[in-house]
Amino acid sequence: MKVMTLVQAITDAMDIKLSEDKNIVVYGEDVGVEGGVFRVTEGLQLKHGNSRVFDSPLAESAIAGTALGMAISGLRPIIEMQFDGFSFPAFNQIISHVARFRNRTRGKFEVPMVIRIPYGGGINALEHHSESPEAYFGHTPGLKVVIPSTPYDAKGLLISAIEDNDPVIYLEPKRIYRAIKQEVPEEKYTIPIGKASILNKGEHITVIAYGAMVREVQKAMVMAKAKSISVELIDLRTIWPIDRDTIRQSVQKTGRVLVVTEAPQSYGPAAELLQIVNEEAFLSLEAPPTRLTGFDTVIPLPLGEKFYMLTPERIFYEIEKLVKY
Amino acid sequence: MKVMTLVQAITDAMDIKLSEDKNIVVYGEDVGVEGGVFRVTEGLQLKHGNSRVFDSPLAESAIAGTALGMAISGLRPIIEMQFDGFSFPAFNQIISHVARFRNRTRGKFEVPMVIRIPYGGGINALEHHSESPEAYFGHTPGLKVVIPSTPYDAKGLLISAIEDNDPVIYLEPKRIYRAIKQEVPEEKYTIPIGKASILNKGEHITVIAYGAMVREVQKAMVMAKAKSISVELIDLRTIWPIDRDTIRQSVQKTGRVLVVTEAPQSYGPAAELLQIVNEEAFLSLEAPPTRLTGFDTVIPLPLGEKFYMLTPERIFYEIEKLVKY
Amino acid sequence: MFNLKTLDKFKPIDDKTYQVIDNDGKVIIKDWIPDLKDEEIVQAYKDLLFERTADFMAVSYQRQGRMFTYPPNLGQEAIHIASGKVIQPEDWLVPAFRELGAWLAKGVSLWEIFLYFKGHEDGSKFLNAKRMLPISVPIASQLLHAVGIGYAMKYQGEKAVAFAYVGDGGTSEGDFHEALNFAAVWDVPVVFVVQNNRFAISVPLKMQTRSLNLAVKGVAYDVKSIAVDGNDFFAMHDVLSFAREFVLKENKPFLIEAKTYRQGAHTTSDDPTRYRTKDEEDEWALKDPLKRLQSYLISKKLWDPSEDEKLIAQYKKKIDSEFEKAEAYPEYKLDDVFDYMYENLPDELKRQKNNYQNYLNHVGGVK
Amino acid sequence: MFNLKTLDKFKPIDDKTYQVIDNDGKVIIKDWIPDLKDEEIVQAYKDLLFERTADFMAVSYQRQGRMFTYPPNLGQEAIHIASGKVIQPEDWLVPAFRELGAWLAKGVSLWEIFLYFKGHEDGSKFLNAKRMLPISVPIASQLLHAVGIGYAMKYQGEKAVAFAYVGDGGTSEGDFHEALNFAAVWDVPVVFVVQNNRFAISVPLKMQTRSLNLAVKGVAYDVKSIAVDGNDFFAMHDVLSFAREFVLKENKPFLIEAKTYRQGAHTTSDDPTRYRTKDEEDEWALKDPLKRLQSYLISKKLWDPSEDEKLIAQYKKKIDSEFEKAEAYPEYKLDDVFDYMYENLPDELKRQKNNYQNYLNHVGGVK
């Protein structure tokens, strides 16, 4: 075991797979010599050579589109979109091709590729550097979408993603890249895509979150505990496919559910998770399925983030309201 | 009054506004001489001249990005994306700029533009010609998103969209472009963006739909009526902002709700509308808020559409199940 | 033999176009010797005739309501047949959607094409075509796939080339630019073929770009390029063969502008009389690739035109039987909607499929 | 005077770069006469010094934790100051994010820039700058806005130009291609300025493109273009002035590659020693635009370098006071999150805002 940050766990996962499988290549803007603007690919080019870990010209559509080409012809590319907001120029390639090539060709061509995207707010960044685009990807048939919230999960999920023969969008909660340290096995292991994890067993309310919000919910749970509220915390881990079983079992038990996501509200991720609650546990509900989300606004520049980002206090406020409902 | 198809009503709206306001320009692929692949801009170039109605080179990002430039400098562009699936190359411009320029500049620059997009399936088309991307747009703060389902609404809503000082995504249900004829006033009128319409008053269940699905629900209602089921049908008309009041009032009365949309299910439009039901009418619910949507698959090529597209029979089946719940 | 010197003589920046035969099939480059044997040229002519016949038949099946929208190839076949001769089994073919003859040469079965345009994904399986991608509908997007394939081949040490197709309209898309640039920077073996048929649906070339020609766009990426008479089978064959060798030897991409004309409609839903003149059509009819190749063969006494009719009749039979095969294809099943989305059907899709199956069982099948 | 003939002499295809003074500030074009008066040149020097000082101060505010990420301009100021002189009040300035001196000339207040990089949208209001767009973060996307503006100006019969900026890295994006192409096809008055500072963050030019230079990319669109020494104030001024006239007269776009070097870090979060050598940095230090202009002025007896220190001290005071103004800016309010999203706040946003306000009231304000 080794104590790792989220960044280190991700680097480690790529390093292990690069060593193991010659068909894996890693590229994107600044991922080579620079090791990525967040240093997630640091050291990988030196170790694995610059035909395997390299910089690309500055063009996201091309990064995604060439990766598709590589993936259908025998390689297993892992590409990086430098920031969430810069994945949008690649949308056409992702939606129209990456997600569809297997279906279009009836399985003749597989698309084993991973698109890594640092995502989310709370880091005092410039515009377009703090977006939460997971609902766009979750709504796109043909993709799997994964978001880890701990170093341990980050490594295991990324290895699963790399080994998956379908394209996986791997969103990295950049706000906690270095905020959490955890013991992580040095050897290879996988965590299945599509399975949520229950981070805390509880009785009064189910809270569903993922990515950086998990930590904020955990802080809120300290406040809840002080008021004797017992929270069951589900870390979703996979945005699609959604782990209905875990959600059902939990809400059937607690009768109350709060989904916490920083993405904008309307047509956002929380609505889907709550509709699943309607479908799976309607008769157990003792309070309206509730969401606490970002506003339907652009995420503000740093000085305005204090309003936009969900704080433990606000999460606790919602928890308490729901439990008292 | 004049009997018009949906296409004619849309053309008419543009014609009226072009005549009235010299700052309006209309462009996109093949919209000039050709009059658009669906003939929606037919006759407009001849009448208003080719500096006002014209073809662009084949590049959707450029069509959207140049329109933003025009809009912030005094024009009011109406642009066309030739098909739903070809709006994706324009996503970056739409999400990163069109939706945000007002906020970014604190209102110094306004973005009065309309993006017209024929959308939806059921027309036996090639791949990428049958998509329902409304959730992507609805989830993007800064946009308004409109979908008419009748010629009358199409004209009034488009005129509102053109006169709006914010960017409006105007999705045209191409499947019913010529399927419905209706008396439409020849003069100018507007229909407010953000207001749903109740197409049928009913007691037992609320059905929410929009676009081409409205007609399918209406067919299902004939079957329902035969079984003495009284359906309240809400035509949403605006995807964002959502008319919460109309939804609340209806579901509070009926206690049951079905949302019918052809877009894929997960993180799709139906989930949002049903979460609004949770938020607004939870205590009135007598059955789980329910959705009938497209599958989480690529919409199949024509021979497979019979499985994917929602039929009146299937809608009726869900209505009956819900009412019996 | 077309070689580096020839390339140098036909600089796009000087607006030169490489041509071997004129409109009457007469060779206009002195000392030119075809790099194909007589039988091969005759076979090319037959292939061209076959493509044209199949294409006509496709349009008529569509008119009969037995197929959906179809994009005709009429007038552009020399590009396809020359491509078919040059592209090797180890090469990749990355199509747009208007290269029928090249697909067939790569091993695609005509019934698969028919099946595809009848609206079945199984028509994209291309059971006997190795290294052939499906039709790409989003314009120019496929060029990036070719570049990725090129990178993979280079990485794996293969000696093969990716041939990627796009139209004149497609050169306006950002993906065209990004593909050419990535190909150049990464030094990958890709031959880009722009079929410049002068229209993107109704939009004429002059409203698509102001560049001198489309080959000259290679300058922006330092990609070697040339404009070729795309209705001249020999010119296309010369340049494609040269390009393949060049790309393999230099490990660099190459760009070909094939100047041609779409004699038919954009698709069966299109009416070209709305946006172009009869005069223009007539002018280009004189440059028809089939007639030019035929005139060459006749002048060399390699072909008796009275053979055509017999051949066409024979082809039609074959084509009809391919179409029948497509029509007899097993019915579309619910599995076809769900089962290819992922390697293993995720639980969520199983759930959706089961729910639907239950509904079907309840109502007794799809209406 | 730079004219069409000069343009012709500096063809990008021949890899020529227009230069007026050498590294020591000596004029290298014989017969060259500046088209600016002596006082104007002195003023340009002062402006350059001001930009540089403001830029240094910005970096140090950032280091002190009083501002967030900031992209320094060091080494590229000649392009900005020359732009500032040429761009007229009726012209539009469409920035990327690294043209500080040009923004200031357009009327942007320094405190607004500071406010923006402190993380407040109000810093993009540019209260006194007409026809100036906000900073554009998504690389190259802004070029299309300039083309749209150009179309609008042309449509409205205005005689003015849009100046649009992008970096070398930005030329790889599809939007660069689409913008140049649309501008050419639509014949709009846009001057595109590529600041080629040889790096896109850590990625060097040779991994960005294989083209001979960046100006040559104009060939792909038939857009007239030229490469200029971007560290040479006079060269930049000549070409920008010419380009403005050209564009107005011909109603056609123009492309300028300004060859320069980012002497500082990409942003304050970047460490250039990771990806480039001291030798390279030293080499480019010799070409520093400020020193070159200063040397010219000294040689013409127009400047006494001992003045610099005094001026810098004076500037620092001014800059500090601008920064204080930014720091004293009213606190960020909830309204700032919601109220500019739409012309009229939609009910849904009112609801979200009210809910949040209720929460704030409940807990007694933001923590």
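Read from first to last, the chains carry the letters A, B, C and D; within each, the first residue is number 1.
Heads up, the rule we're going with is that a contact is a pair of C-beta atoms (placed from the backbone, for glycine too) under 8 Å apart; a residue touches a chain by one contact, two chains touch by 3 or more.
As the structure is a prediction and not an experimental result, all values here were calculated from the model.
From the C-alpha centres, identify the chain that is farthest from subunit A.
In terms of C-alpha centroids, the chain at the greatest distance from subunit A is C.
List the centre-to-centre spacing of subunit C and subunit D in whole Å, with centres computed as mean CA coordinates.
44
Using the average of all C-alpha atoms in each chain as its centre, how far is it in Å between subunit A and subunit C?
Once rounded, the distance between the two centres reads 40 Å.
What's the distance between the Cα centroids of subunit B and subunit C, rounded to whole Å?
Their C-alpha centroids are separated by 36 Å.
Can you list the subunit B residues in contact with two or more other chains?
Counting only residues that touch two or more other chains, subunit B contributes 57, 59, 61-62, 85, 88-89, 92, 96, 103-104, 127-128, 141-142, 240, 242, 266, 295-298.
Residues touching two or more other chains, restricted to subunit C: which are they?
Residues 121, 137-138, 172-175, 178, 181, 185, 207-209, 341, 348-349.
How are the chains arranged in terms of who touches whom: line, ring, star, complete or other?
Contact map by chain: complete.
Okay, in this complex, where on subunit B does subunit A touch?
Interface residues on the subunit B side: 61, 85, 88-89, 91-92, 95-96, 99-100, 103-104, 127-128, 135-136, 138-142, 240, 242, 263-264, 266-272, 274-275, 278-279, 282, 285, 287-291, 295-298.
Can you name the residues of subunit C that touch subunit D in the complex?
So the residues of subunit C touching subunit D come out as 13, 172-178, 181, 184-185, 207-212, 216-217, 219-223.
Help me check something: in the complex, which residues belonging to subunit D touch subunit A?
The contact residues of subunit D facing subunit A are 68-69, 116, 118-121, 137-139, 169-170, 172-175, 200-203, 207-209, 269-270, 274-275, 332, 334, 336-338, 341, 348-349, 352-353, 356, 359, 362-363, 366-367.
Looking at the complex, which residues from subunit B come into contact with subunit D?
That would be residues 25, 51, 56-57, 59, 61-62, 64-75, 77, 89, 92-93, 96-97, 102-110, 141-142, 144, 164-166, 194, 240-242, 244 of subunit B.
In their shared complex, at which residues does subunit A touch subunit D?
29-30, 32-35, 37, 55, 57-59, 61-62, 85-86, 88-89, 124-129, 265-266, 295-298, 300-308, 311, 313-314, 317
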